[in-house]
Amino acid sequence: MAGVVMKDVVKRYGGVQVIHGIDLEIENGEFCVFVGPSGCGKSTLLRMIAGLEETTEGSMSIGDRDVTRMDPAERGVAMVFQTYALYPHMTVRDNMGFGLKMNGHPKAEIAQKVAEATRILKLEEYLDRKPAALSGGQRQRVSIGRAIVRGPEVFLFDEPLSNLDAELRVEMRVEIARLHKEIGATMVYVTHDQVEAMTLADKIVVLRKGRIEQVGAPLDLYRDPDNRFVAGFIGSPAMNFLDGTTSGGKVVLDGLDGSYALSVTPPEDGRDITLGIRPEHIEIDPQGKGFTVEMTEALGGVSYVHLLSDTGAKIIVEERGDDRSREGAQVGVKIPPERAMLFDANTEQRLR
Amino acid sequence: MFPTPIAKQSRSRQLTYQTLLPVALILWLLPLIAVALFSIKPGSDFAAGNYWGWPSSFEGLTNYGKVFFESNMPRYLMNSVFITLPTVLGAIALSSMAGFALGIYKFKGNLLIFFMFIAGNFVPFQILMVPVRDLTISLGMYDSIQGLVLFHVAFQTGFCTLFMRNFIRALPFPLIEAARVEGVAEWRIFFFVVLPLMKPALAALAVLVFTFIWNDYFWAVVLTQGPSAQPVTAGITEFNSQFRAAYHLMSAGSIVAAFPPVAMFFLMQKHFIAGLTLGAVK
Amino acid sequence: DESQLSGELKITSDMSNPAPRAVMESLAAGFGELHPDVDIELTIVDREAWKTQIRNALGANPPDVVNWYAANRMGPYVSAGLFEDISDMYANGDLPGLESVKGALTIDGKQYGVPYTYYQWGMYYREDIFKELGLTEPETFEQELANCEKIVASGRACYAIGTKFLWTAGGWFDYLNMRTNGFDFHMELARGEVPWTDPRVRETFANWRKIIDMGGYVADHQSYSWQEALNFMIEGDAVAYLMGNFAVAAMREGGLDDSQIDFYQFPKIADVPQGEDAPTDTFHIPSGAKNKENARAFLQYVTSADVQTKINAGDALGQLPINSESSVDKDEFLEQGFEMLNTSAKGGVAQFFDRDFSAEMASVGMEGLQEFMVVPDNLDDILERLEETRQRIYE
Amino acid sequence: MAATTPPPARSWYKRNEIALTPWLFLLPAMLFFAVYVIIPIGQSVAISFYQWDGLGEKTFVGTANYERLLGIGDQKMDRKFEISFWNNLKWLVLYLLAVPAGLFIALFLNQTVRGIRIYKSLFFFPFVISQVVVGLVFSWFYLPREGLLNAMLAIFGAGPVNILSDPSTATYGIIAAGLWPQTAYCMILYLTGLNAVDPEQIEAARLDGAKGRKMLWYIILPQLKPATFIAFVVTIIGALRSFDLISVMTNGGPFGSTRVLSFYMFEEALSEFGFRMGYGSAIAVILFLIMLGFIAYFLYAMWREEREAR
Amino acid sequence: MAGVVMKDVVKRYGGVQVIHGIDLEIENGEFCVFVGPSGCGKSTLLRMIAGLEETTEGSMSIGDRDVTRMDPAERGVAMVFQTYALYPHMTVRDNMGFGLKMNGHPKAEIAQKVAEATRILKLEEYLDRKPAALSGGQRQRVSIGRAIVRGPEVFLFDEPLSNLDAELRVEMRVEIARLHKEIGATMVYVTHDQVEAMTLADKIVVLRKGRIEQVGAPLDLYRDPDNRFVAGFIGSPAMNFLDGTTSGGKVVLDGLDGSYALSVTPPEDGRDITLGIRPEHIEIDPQGKGFTVEMTEALGGVSYVHLLSDTGAKIIVEERGDDRSREGAQVGVKIPPERAMLFDANTEQRLR
């Protein structure tokens, strides 16, 4: 078992640089999730770990070995693809054993390792089927099984669940969590699903345009983002952002009357800032005013209320309980200062 | 579905369609039906001017017997088989390898080489005639089955590579990557991952190339002569001069010459059509 | 000596019509009996196809003996060195009885093959129909035309002809031209010494046109080979056929008996020395042959007097023997033809259009002749084209 | 996991496996293709500047062959070439009728009644038969006295016609014979194309009120564009390559009126009175240049597609 | 504008009946959503309204017109397909105007209507593009535009958003809601997405195996389901179900100690019942016991705690706020009786 260490890793396609010098350490046995908007380089980075893309600059090591220039096969990694990439002409058993067979492992050993993986993933029934005769979830499990059989030091997953429907996705998510607990290997996981990232990760790496924005445990990122991008990216519905300026140690928000004293001291007067507040932290004051309820989305236990301020700002507020706002109503809001976060409007960095 | 399924239309339209279908088919195949009919007529019918009437007697056995026992037809048929089968094997072997190289790997000149194969495949083959004939002669393979096979393999490789490469390209690339991550050598990827997946394409292509080669006439005329190496397409003209104006025998001969690809088509219909759609070019 | 021959002998023959085919097979068999140790491999190819294939056959891995034609037609192969020089055979006296004909096989004083048959051309006609219509064999062109008029009136065509492969039209031109302008003029034209636009050539075509305009030829002749056109004659839809004597065998095979067919010499047109077409067919040894000894023996065999007599007989090829010591079969056509060639071909004997004219000229020429037969109005255009070709080739 | 392990030494091949493999796999095919296709094209072009009877020495004549063909200088354009060229044009234009005809039959057969599969394959039949046999069959079909065509015309009181013997109709007769298998080919292309038409779009169009011909024109045909493209390509190539039919049906006649470039080329180079290799090659080169236009267009279309694909 | 009325509508494919006599009234201007498990007949029913599938039995009317046997084009409906079904060879403008053009409307009128729809959907920039050059959301908007242009009485949507990614789905959902408000036409909408159904619908129709299970406003269905199927189907995560029996007017649950007095009186003793309780209504008692925290899924503002009772029952509890349960902890739960629902274990009908 081994962790992954990247030092100033860069990837260029021809003249286009897509990974801009990434330093990252993934501990041995850790579950690390890469998130970020589409095209930010998640897959590229993962494939660089796998050796499927060459590392243009920088170094990469797995365990104690420098693998920067190694072939994929020698790195001791296994990869689970979004589309499963099962060999359609082989049975489940052969799919799982193929890599070992090609590398000349004895039959008995292969059989034993396949049996072990089969047990872990509860695939016994399907061993003699071809992939086409399996459901999406089963296929995904086989593709994980194929990875397990090789006993890699690092598992790599590229959006492994995105081809499954919602229900199966939940189920497989739980399965992967269990797997990680059971075999304890290092896992690197790419997703753009909030829920997967939050629930699976020991450590989330937020990427943006080939750079790391923040690294941390899920709830740390949720509660204590370093910048506006991470704050907005983590959490659903997204954090509300309101523009404002500082004035006399307080924050004056455009479109909201009143100024807010916050738990941090805004730096100097007249500075442009952005205030961020999560929907579940805002309270609606039915007696207040300044906002019109534009729309409510009642999901049952929770409603999302879309508010439009008289000055044109939009915010979303989460409501629970039995009483909900009605569309068209005039309301006010309460923003608890201790929940609000301040960001520099220009650098987008958190002000603490 | 377009046009609107006939099942959803009025009863009278359904009936019209059902009757129109066989009528249209008969009209469409009329020349062939006529030849089939010719081939079982006695020669005397033609002398008596009974070209299109009912056969005065059925002489199918006699006529086909003549074709098989009193002419070089069997020899020509054998030649065709010996030309066609090795060509199919050769062209497919070469092109699946080339298709693999062009479909899987990124390297400089990939597209250029690919386009070269395509362009070569579309060339009017007359332009190859003189040099290829000279080459064949100087290799000492003029009027030999090998001479034809070598050329056909080379020429069909163009078309087959186009077909194979596009097919391989449509395979999910992660399959290859998965194998690479598992440490499978490249040539093993070809044999154990790609080749098995190409089975439908191989079958389709085999059928397609079979018909192309079986039906070739031009190169048979350019590179061979006489019954020692010529295939049926060329043989049929010799046969016809032997039995000039004996329409019943000429028809029987033509049907014998046309039969193998037709049988192939019926047996392998699915692959055949898949081949045309996948490759979609001749 | 002879019986010691062994090894192989590969013969490629173009004698693909039924009667010649049988002759060729018997020749091979006969030679095989003489030389039991020789392994003979006989390949018979389509006669029309052979005209294009011989090139290839001579070039690579050639057989030991091939069929071809005398005179101009063998020129290209001789000059390319593809035919074996067998002057020594003539000089040694290995080929007795061929002295008189060796001219047709001679180029630059050397001989490159042996003839095995020749045959007269002439008018073969349905005797029974002539009788029915009260016609007699014509001696002049006027009589010929008068006969034809009556035949046309009876609802028949005068002449069967199938010009699909072009050369049959060449026969008509040969005769009309030799009769109109004489043998010498014809050969001058063939050698490219006279322009096609010469008024004398036009006169030939004018005569030809008379027959065309009166509907003398079967319709759609351009769709038929000569064998296919023979049916018109067999069925009595056409009355005469200007052909070589080999046609007799085919007519007999088609069901006509000798009381129904007869022969006359192409009638006289102008008072010029008459010439006749009498093409000679030949055997050659390719210079790349592997078994030249056997091949030479074979040539000797086929030209020997007995064999010549036998293979040219009426029940075989039905043609004239080459060897002066062999005898002409007692066949009414052969006797008439032999007589005709020996006595009344005062001008000379021509090989045939496609053998006397150079290859390219012959191909363009015969195409023009066919066109003329179908669309006589195009004559000026055709002649101009032929002249252009002549100038390009000969100047 | 002890101290840092140095990467194990690897063979040269192993290190360059991914770069080398494609070339190894390409080698045999490229070899064959070069020897039999690419190099001969060059040779043909070279030969076209010579006078050569295929046997003896070649004589360099510069562009004389082309000058004679195209009538450059004080000579007239080679008449046979001219006829062949125009016939090729006729082939090109008329052969393309196979495309709409194939579409028509495909539409007719695109149903789901019982036995339709058999019908479809029988309709496809002519395509698998050799052109030689097709040519024979059609030349009998056209026979002036005995042919089925005239027998049928007689029923309607028309005819008789002698298609292959009349220089004004012979080429059309051959093209008609060629259209038969080619239409079958286009039909299959369209049938598969129709299969791939998005049913939801048809439904959307039905909701939009498009029916019958309008539906065909506005919705179906645009979706059949790939099939149409391929049908065009194969038909054009087939038209320019046409040889077998002409050779079997008329052998270029009557008096050369059905020649096309490919046939003329063969005739000049290899036929009975031919063996003008240089001249024949010059014809082939011109045919090649014509085709090159289409090839270039096809490659361009493919290249565009490649661009979009990956 | 017009509503849709179905009377005893039946659909058979050959011998297979897939719609079993449905009676349904959709009011003029109403937003009606069909939900149900895959294969239940949602699409079929929608397509029957469109006229794309023939109605085997029963009658269907739109407004006052009986449309049962009418052609799709004559029904005054427009449909938005899951795959958009845009004509790929036409520009956006032509796509939208196609229906009018086919029906012979003058050019000027078409242009004007297209412009109007373009404005509503903010598609101005894209009018001259082909669909291939549009993003998924834009395509979906065009396909809605195409429907708008025809000015139909009824809009039909078949899972219009299921091909979009999560973010876009939210955005387009809001768009559709706004559209409904703006043009006020009757809309029938098929989805299997909880959130869409809950937030968009005036009226939800829950289908199951070709039959209607319940019809009602979203929150009514959420709060007051008629049967176990609807209760389990509406709401995410799904309602927890616990098997039990009645005993002395109370409910005894298998695997939980203690019996629950409920707001309804259970019918007679010894009857098998199922108790339903939503995750957000259960409270965790950190001091209690009987349950082990198997897993927690922390999504930021909310966590889902998977509990395993000592007797093997599994329930999911929603937790909010800053303190969350830890995996492996021993806890108890509180089920507020007034929130629990009772279902007959056999008929699955609600007991009220």
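For the reader, a short list of remarks on this structure follows.
Which chain is which? They are A, B, C, D and E, in the order written, and residues in each are numbered from 1.
The criterion applied here is as follows: contacts are C-beta pairs under 8 Å (C-beta built on N, C-alpha and C of every residue); 3 or more make two chains touch, one makes a residue touch a chain.
What you are looking at is a predicted structure, and each value in this text was computed from that prediction instead of being measured.
Within the contact network of the assembly, the step distance from chain B to chain E comes to 2. If you tally contacting C-beta pairs for each pair of chains, B-D comes out on top. Averaged C-alpha coordinates put the centre of chain A at 55 Å from the centre of chain D. A separation of 27 Å divides the Cα centre of chain A from that of chain E. One inter-chain figure worth recording: chain B and chain C are separated by 41 Å, centre to centre, where each centre is the mean of the chain's CA atoms.
Shared contact sites, meaning residues of chain A that touch two or more other chains, fall at 71, 74. Within chain D, residues 54, 219, 270 each touch two or more of the remaining chains. In chain C, 56, 59 are the positions where the chain touches two or more neighbouring chains simultaneously. Partner chain C is touched in their complex by these residues of chain B: 133, 136-137, 140, 142-143, 225-228, 237-238, 241-242, 244-245. On the side of chain A, the complex with chain E involves touching residues 166, 174, 177, 192-195, 198-199, 218-219, 222, 234-237, 278-280, 295, 297-302, 306, 318, 320.
By the touch rule above, chain D contacts chain E in their complex via residues 198, 200-201, 203-211, 214, 218-219, 222-223, 225.
Residues 50-52, 71-73, 77-79, 81-83, 85-90, 98-99, 102-103, 146, 150 of chain E touch chain D in their complex. Of all residues in chain B, only 172, 174-175, 177-185, 188, 192-193, 196-197, 199 touch chain A in the complex they form.
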